[in-house]
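Each of the next two complexes has chain A plus one more chain, namely chain B in the first and chain C in the second.
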Partner chain A sequence: MIPIVVKGHERPINQLKYNTDGDLLFSISHDRRVCIWFSDTGELFGTTDKHGGAVNCIDIDRKSTFFITCSTDFAIQFWNLKTGELLEYEHENKEGEVVRGPMRIKYSAIPRFLQIHPDENKLLLVQDTKMNQPSAIVIYDIDMHDLENPVLKQNKVIYPKGSPYVKAVWTYDGKRIIAAHQDGSVSRTCVETGECELSAKVHNDNIVDLQMSQDRSYFITASRDETAVLLPVDGDFQTMKKKFQGDTGLNSAAISPIKDIIIAGGGKKSIEVTTSSGGKFEAHFFNKLFQADLGRVGGHFGPINSIAIHPYGTSYASGSEDGTIRIHHFDKSYFEFDYNEVIKEGVEDTE
Partner chain B sequence: MSAVSVNDIDFRDLEERYAVDESLNTDEYVICDGLPIVPASKISKLVKVIAKVFSSVAAIDDVENTFEMPMDPETSKTLGFAFIRFRNATDAQNAIKAFNRKKLDSKHVMQLDKLSTVKKYLDTKETEYKEPALPEFKPLPHLKSWLTDELGRDQAAVHYEQEVTVQWIRKGSAPQPALAPVTNFTSGFVRWSPQGSYLLSTSPRGVLLHAGPDFAVVARFPHKDVKLVDFSPDERFLVTCAPAEIRAGGPFTEQNEGHNIVIWSTETTNVLRSFPFPPTKPVNGPPQWPAFKWSADSSYFARVFSKDELCIYSSKDMSLVGKKSMQTPGIGNFEFAPVTVGGKQLLVFWTPEFNNQTARVCIVDASTKEIVHNRSLFNVESVKFFWQSEGKYLCSLIGRLTKNKKAMISSLEIYRLEEKNFPIEVLDFTDRIFDFAWEPRSDRFVVNFYTLPVPSPEARNGAELSLSSRKYALSFYALERVKKLQGTWKETNRFVDRPASRLVWSPRGRFLATVSMSNVGLQVEFWDVDYEAAVTPAANSALPAAEDLPINVFLLASREHSSAREFSWDPSGRYFLTYSSTRDGTQGTKSYILWDHVGRQLRQEKFNGLMAFLWRPRPPSPLTKEQRRAASKKVKQLVEQFDMQDAAMAANDSDDLLRFIEATMESWRLYRKDAKQKLRECGIVPEEERYEVRDGTVYVRRDVVVEETEEVVD
Partner chain C sequence: MSEAATESPTTTTTFYKIRDDGKKVKITRTVTSEFVPASMIEERKNWPRYAHGNEINVSPKADQEINLNFLVKHDKQPKKATVPAAKVKCRVCGSNHMTINCPIKDKVISPENLINVSAPAPPAAGKYVSPSRRAAGPGAGGPGAPGGSGIPVNLEKFVPPGVRAMRPGMMHSQDSENTLRVSNIPETVDEHRLRRKFSTVGQVVRCHVSRHHDTNVGRGFAFVAYATRVDAERAKERFNGMPIDQMIMHVDFAQPRN
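So, the complex of A and B:
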């Protein structure tokens, strides 16, 4: 497996994301830029940099016509994927006049995370507690069917019961939200009532990443406490809990849609690297059912900040604090590997 | 004379004269009971004796007025008690502390009480005896239950991070928990008692003993902040030590105040006696531990008190044997015999040269403190003692300086304790001996020493020792048999260039592990001294194996465990364990390796923050020598049975694994079945049905919109 190493960012990568078809890979970074790559070859499709601060999160619609980003400059921006320009929409300006302008929504708090509803009629946004703002999930109604006349309307604000939100994702039915909290707990909230149905502490440290399986029926969290935890969306957050023990603080974890494999990545914090040996900047492969350690893929020179698996499960990309992205297309041996067979053979050998 | 009513008499002058001063301080008065009953003529002599006794703790100026001894008018003899008035309350307190319940002579034990204490009990209103409520009897759990294990497995306590677990160890298979991991089981450390009955844990308030199949708490000893513990060999006594001095309260009385070391009865949990640190304890340093050495049957214990006194105590009454300590100027060290030798509890100590006296090695009977054997030595620098496990032989390793006082040379002196007058055999070496070890229940031993490649006559004279050419050597010695009679000890095998800092025999003998420690870890060599096949003399074995010596040494294996520092045989001698722990100050992932007795690796396991891996000791076998011999004859028949058991076990292990795999996959399948149903209800295709992987190619099933119709409804 020879990785394709691409460099398009000057500063740490914040997030990697494939579009639904998996032909494009989006990367966002502290350097205010969004880069879009052809995932097969690693060629650059285009870049945009109309943000005034580090880009925090990105999401792409299913038909790959537009994408939404949010940034530390307090703005959420809606982009036309074909042109790389901001969409325009009609809205009221400060004087109360209806004007048409670029779709850049200024915000009172830093928007940390966003995700489009599976039915593409809603948008979920997690706002940061910095600048003395309360932590909250804000839900917008959106209508983007006509890119000439997009509509956006605030629908609901949900505040956390305990510890502030870090990330939040839609469940498969689109009626509930799974949220990760700073204290290491996860919660399930009903969108209609805004009430928290269930909350459980699964980590001893900050949760950094929360990713859904492709059918949004189970999810994985990655935490600085060196573990990743897999849980079904339904249920009591206890049954079918799978814990993956890494050897360093984790920043990201992703679920393969085609194989029983979890890829997690992280590394020592930059401030600790100089005081201890070995950063452990490796992507760590686990078996999903048996939580077994399968192997590691190294190569980065800084902690891995984001891992994304291709929607078809044929490749994965890792983005690092060092600004590089490594795209790995799996070899044939990867697809032929069956962990269950391997351990069963191991048992027979001992007999 | 007219009658005068009593009421009219003015007694004021008398009342005033004999008025009891309420403010009189009764604290300086002590009642001393248990004194000999003597006629009036001998009172002054007795008073002198007692005054002399007390003079060590309290100044007695005026002997006449200090003691008041009431007489029985009928017999005109004393009543056996005396009032003593000390100068002040402190002196009285000190006298009580020092001499209460102490022997005055062989027949009389003094009972000292403050007058105020007696008054207190006279004033008490309760006159009827009330039977104290007895606590409900709680049967102890089966203390030896682990020995009844059908598979004959051994247990080990594993202490890692905040958790303690006890595991059944059986060859390479996964350890079975005997006690599932318990968080905060102990605040400091865990220890097994010497026969394995109890598992000791600590808490800030004291120490706890756990026993029985579920390790329930069976005893508590409220000694705060205990840092060191020790048991007597029979587990009847527990010694605890804390850096803070004891204050009265709880189980402790005023007598225990200021002490640090406590001896407890494990059966009743009572305080039997407490001791302060001996004056030899270094300031701010840890005390010498164990504080006491115990005789084989735990009836005597002893410690060196200051440099010139050896104190031997009887555990029956917790007092010094013969009331006095032994004067042993400059005593080096001492060791009790590990078993009762000829019905006696022997101990051996040595004293260096002192005031024109030669250095001496003395063997002492602890019950009488009688020196049963005394050997004078010259130019001795150090002596170390090694008892053979059955008490048949005692070896003293003697270190002397060479003539130029630059190097140390060693010699061994072996005492045959079963023969009359303890005949001695001396083996001289040309260089230093590092370690010596008797094979358990045998007359063979092994030494580890420095040697020159070819011993030259100059080196033998102790001159011209070229240090650089010295090599480590390992020598095996056995007792020569001449026509079935015992001869002398002969070196049978010598292996040169074998660095080994520690020699550890398997508790069952025959197998030996030599361990050398370095910065990188442990190097362990496994030896068999009764190797069954013929051994061709190894290239580095300097001596050919003698035929009349019952020994056949063979190096079985040479192994390494990097970063490990700790090692131990299991009590049955089947396994050897090496492990790395956080005791060397490093944190992080530690590991242990379990070897079998011939040095094959059975299992390696990693533990985060492993602190200790402690085998549960076994009590001595109750089998007689004949029964043991009969059992070992049966082994050959049993081997087949054991092999079958092992095979069944291995199959069982893999069955268990297969079952685990099946169960894990089945539970996931069940969960997915449920999840798929819910997904379909929402019109979502579950991920399992979206893709198909064939020959390394992923085929994607796509939802294609075949037709889209729009109906406008008015």
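So, the complex of A and C:
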């Protein structure tokens, strides 16, 4: 497989995300820029940099008409994908007059993470603890069916019981939220009541990434304690736990929608690289069921910050601390690979 | 019962239901379906490109090809039996200490002395004959012959095992005449597959695919050793010039290493 290397960012990549059709790849970075690429060729579709700080998170709607970003400049911005301009909406200004202006929601805390509800009528936002603000999940009601007159309204605020939130994702029914905490625990919260149903500690270090499977029935967490953990949404977070052992701290992990494969990426922290040898900036491939280490793909010159798998499972992209994105289209041998056959062969061989 | 209007973006469905209190209710549902073109991907490709803010010049580059060979380690491989530490045995007196530490070594410094001290005289010229050559040696009686509780003493110069002449029945080394060198094979071929293929002709004693040290990717050749020369010759006839995947194997006897 020949990786496609694109370098559109000057600072570390924060997140990569494919749209639902998988033809566009969105990348956001510390350098305030959002880049949109054609995922098959690596060609640039568009760039925008109207944020005043590092872009923290991005999400795209299912029909790929708009996307939402949140940034360290305390703002959430709503963009039209076709033009790359901010959407406009009617709102009250400080004097109490109703004016029409760009859809930039100023916020008292740093918004760290956001995700659109599977039904696309709500928006989830995780706010950071910096600037003496409490950690919280904020839920908005959104209506973007008419891009000329979008509607946004705050609905609910949920505060964590213990350690602050890092990331939070919607479950398959859209009535609960799975959240990852800084101390390595995972919790499940009911949106209706705002109460934490269940919390369990699955990692020894802070969780960096939390990604759902395509049907949102199970999720994977990646932690700095060198492990990634796969858990079902329903259940007690103890049984049916799969642990994948990497050899450095992990920054991101993703689930392949078509094959029993987990791709996890990470590397040593940039601070530690000069004081120790070998960064191990590689993407690990694991078998999802047997937790076996299958292999790794290198090529980056810095820790991998984000991994995204194409919604059809035909390629994956990894973005790194050095600002480069590598898009890997799997070749024939990947699709032919069957771990079950390998096990059978191994048994025959030892006999 | 229901009636639906078709071929319209707005579909109206009407049906009747009897409520719990026995009253019949008419329920009308209006569903507006929205048309989404199937080739939205194609449409997006024709959208005008934009660059707001600082323009950047980026062109995608192809990097070095990566071979995604999944390396699978079998956990079920039998563990190697731990070799017990070799027992120290004195060559002079046979006790559990090094020869150099033997308390009676001064007394048995020469073969003649040794014989006088500890063993009955061996046959012929009194020269020690090693056990392996004893059958061919003159006379049937050795130091271990009845009558003598002899201690075998080998005062010959030590020869490392690798340099010793090969005795019949010994395991064949890599330079054995029964080893085939199989070249021009794909990188992906592994030992299991090669062994399975070559076992059809005779018993394969050893099968080794040469790999790069770092990448573990095959270097395109392998060694296959058979138990007998006949099998090896047969395999060479059978497999030389045969295809394996997209390549044509070249099979020949392995050349000795030096």
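Please note the rule applied: the second predicted complex is superposed on the first by the 351 of 351 C-alpha atoms of A that agree within 3 Å, B and C clash if a C-alpha of one lies under 4 Å from a C-alpha of the other, contacts with A are read in each partner's own complex, and residues count from 1 in each chain.
Definition applied: a contact is a pair of C-beta atoms (placed from the backbone, for glycine too) under 8 Å apart; a residue touches a chain by one contact, two chains touch by 3 or more.
Computed from a predicted model, the values in this text were never measured in an experiment.
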{"item": "Partners on chain A (chain B, chain C) - clash or fit", "value": "clash"}
{"item": "Chain touching more of chain A, residue-wise (chain B, chain C)", "value": "C"}
{"item": "Partner chain in contact with A:F285 - chain B first, chain C second, else both or neither", "value": "second"}
{"item": "First, second, both or neither for A:Y218, with chain B first and chain C second", "value": "first"}
{"item": "Chain B versus chain C as contact partner of A:T47, first or second or both or neither", "value": "second"}
{"item": "First (chain B), second (chain C), both or neither touched by A:V297", "value": "second"}
{"item": "Touching partner for A:R33 - first (chain B), second (chain C), both, neither", "value": "second"}
{"item": "Partner chain(s) touched by A:E345 [first = chain B, second = chain C, both, neither]", "value": "second"}
{"item": "Superposition clash, chain B versus chain C, among 152-160, 368-376 or 476-484", "value": "476-484"}
{"item": "Set intersection of chain A contacts, chain C complex versus chain B complex", "value": "347, 350"}
{"item": "Sites on chain C touched by chain A in the complex", "value": "36, 40-41, 44-45, 47, 49-56, 58, 60-74, 76-78, 188, 192"}
{"item": "Residues of chain A defined as touching chain C within the complex", "value": "1-8, 21, 23-24, 33, 38, 41-50, 63-64, 82-85, 285, 292-295, 297, 299, 326-328, 330-331, 333-334, 337, 339, 342, 345-347, 349-350"}
{"item": "Of all residues in chain A, those that touch chain B in their complex", "value": "118, 172-174, 213-218, 232, 234, 239-240, 257-259, 289-290, 312-314, 332, 335-336, 340, 343-344, 347-348, 350-351"}
{"item": "Complex interface listing, chain B residues touching chain A", "value": "650-651, 653-654, 657-658, 661, 664-665, 667-668, 671, 674-675, 678-679, 682, 684-687, 690-691, 693, 696-698, 700"}
